[in-house]
Amino acid sequence: MSDPDRLSARERIWGEDAAAIEAKLVEADPDLAGLILRVAYGEVFERPQLDLRTRELLAVALLTALGAERELPTHLRGALRCGASVAEVRETIVQVAMFAGFPRALAAMRVLARHLGDAEDADPAG
Amino acid sequence: MSDPDRLSARERIWGEDAAAIEAKLVEADPDLAGLILRVAYGEVFERPQLDLRTRELLAVALLTALGAERELPTHLRGALRCGASVAEVRETIVQVAMFAGFPRALAAMRVLARHLGDAEDADPAG
Amino acid sequence: MSDPDRLSARERIWGEDAAAIEAKLVEADPDLAGLILRVAYGEVFERPQLDLRTRELLAVALLTALGAERELPTHLRGALRCGASVAEVRETIVQVAMFAGFPRALAAMRVLARHLGDAEDADPAG
Amino acid sequence: MSDPDRLSARERIWGEDAAAIEAKLVEADPDLAGLILRVAYGEVFERPQLDLRTRELLAVALLTALGAERELPTHLRGALRCGASVAEVRETIVQVAMFAGFPRALAAMRVLARHLGDAEDADPAG
Amino acid sequence: MSDPDRLSARERIWGEDAAAIEAKLVEADPDLAGLILRVAYGEVFERPQLDLRTRELLAVALLTALGAERELPTHLRGALRCGASVAEVRETIVQVAMFAGFPRALAAMRVLARHLGDAEDADPAG
Amino acid sequence: MSDPDRLSARERIWGEDAAAIEAKLVEADPDLAGLILRVAYGEVFERPQLDLRTRELLAVALLTALGAERELPTHLRGALRCGASVAEVRETIVQVAMFAGFPRALAAMRVLARHLGDAEDADPAG
């Protein structure tokens, strides 16, 4: 197996979904995809000042506050892949309720519950 | 029939959907559901400073301004259950257009139209 | 004294500040001022589907949710002029905290506290 | 063929979708539809200070920043009908990423890609 | 005089304020300043798909919709420097009112009026 | 000195500003202050699922995304008090730029720079 410390931020966040997420980004718009890959993932997320687990909890909080429900699954999975527990992701969303109100937090929890349900369905041992 | 003044704010807002709404809240996340039930419904909505009809019009306006389309149906129905007319709910959304622009108001009207259409479909006398 | 039912929505909301508010609107931009006066005040706020007290509580809630602190004083005063009590205005802002989070509600309460303090300062019997 | 300079802003933006869009607006709410048709399209969009191509790029940018994904298709098509190229619409959305972040821009690009795909599917020569 | 076509997007937008704006950006945070200078100004704003006048009107619209009143002056001036007239900038803000409501548009008009007033004060021939 | 593990979340976040912050909250509105103290600080921030350093970085990110510049200083200081470095707080704000755009991030950096400047001014050894 590959050394996780050698993986890029993007590889660690996207895991086995990497090819599918990148293909969809490029399909949406190659120029915007380029900026997201190069600036957000390739530069900001690679900076050492914050660890990826913290960065992914921040991403979950920000997408929850924005109400960006379709972008949430990538970073809900990313947070779990980077070492956050389901309880930490849930608590991050609970905290958003204090800063951005209950409706945004509830919408994010529904996305998370759907994702966890799908993950169980996909896993016969789930 | 039960005395409406004895019912909790939550019972009056949720009406016959109460069991379904509560089950879905808990399914999304038990901790967040607890805060919503205890703080928002059990405490703030129970305070006597505003009547429930006004509170539900405020809820419709705020969810419209947030663009929280999936959370809207609960409070569109809640406003009607708490004594607001369809015309008052529509006018609340029209007023939001002045403060938060036409797109948010239009999106909320579409949710309302769908809800009223469904209600008619479900009601053979509709 | 003039019959309050004969007054326009704008006159009832703006009260003795009417000339100052209108002058400032026109100074900011005559075209935008025209739209606000004609469409928001002259048309939407004049529609009979909602009373002005409810409309002004909706305005307070929406401006609080938007974080529009400089536009708030006009409608905080307007709500009080149209028959809402200070307790109702405060409770409206408390309810916003549930839908849009504590920071927006707190910022609005600070604007309200400042306004009420100024009003007391201006009133030797306050 | 009719003289494009004689067409209303609304006819130029909505093109062959005009009847369908207007019917849907009225179906959502006749009063709100009236305001949108009369004030937004009939007055603001008719003012000569900005050409319609610029106005539609502004509309795309604003709907992208709001995350108003269901309202976007009308103005994505409108921008193209009013003389903007696909490259200009894409670039407008890329610029929004700088001011409102990548998630909003990405969501809008997905709506655009879907629209362009549908347009190709509908056009045997596409 | 230097050839305007040889100037960078940043030089054309910032004009004689360039040194002051850059110093303030770096003072706020060198890393963030680096991203803004390199990605927003050095890359996105340099792309040929949109002219700078259109980009600056988009910037004014987006900052108005965000309520980012302190960031507005840079792009109000930038729009004027890149060839937009005061009437076009005003009309851009009027259009924002349709998409994001009157309060945001009004706040931006106040910033613009203040800027234009200051410009007159600074110009003995104003 | 007191054992930091015995301190409440609120005491650790507010530090020596505790009395001043609480007095200002109550002055703004006693009921809202009660909810913030009891629910946000007394309940959510006390939950063990996330450490206070992570919670305060989330708070900084959320207030930055909301543009809540007046509420930011409390949590900028809180993050530093709970063990985050200045570099981590800065990086949190840089990450917000990716999710909510450069203007919000820049505004937050200006608040932070002002706070750090004030702290230096207050500290003769700064």
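Labels A, B, C, D, E and F are assigned to the chains in the order they are written; within every chain, residues are numbered from 1.
Rule of thumb we're sticking to: contacts are C-beta pairs under 8 Å (C-beta built on N, C-alpha and C of every residue); 3 or more make two chains touch, one makes a residue touch a chain.
Predicted model, so just to flag it, every value in this text is computed and none were measured.
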Comparison of A-C and B-F (more C-beta pairs in contact): A-C
Most distant chain from chain F by Cα centroid: D
Chain whose mean Cα position lies farthest from chain A: C
Whole-Å gap separating chain C and chain F, where each centre is the average of the chain's CA atoms: 31
Whole-Å separation of chain centres (CA-atom averages), chain B against chain E: 41
Between chain A and chain F, centroid-to-centroid distance (C-alpha), Å: 24
Interface hub residues of chain A, defined as touching at least two other chains: 31, 35, 39-40, 44, 63, 66-67, 90-91, 94, 97-103
Contact graph of the chains (line, ring, star, complete, other): complete
In the complex, chain F residues that touch chain B: 35, 39, 43-44
Residue numbers on chain C that touch chain B, as the complex places them: 39-40, 44-45, 47, 49-50, 54-55, 57-59, 61-63, 65-66, 87-88, 90-92, 94-100
Contact set on chain E toward chain F in their complex: 25, 27-29, 31-32, 35-36, 40, 63, 66-68, 70-71
Touching residues on chain F, where the partner in the complex is chain D: 97-103
Interfacial residue positions of chain F with respect to chain E in the complex: 67, 90-91, 93-94, 97, 101-107, 109-110, 112-113
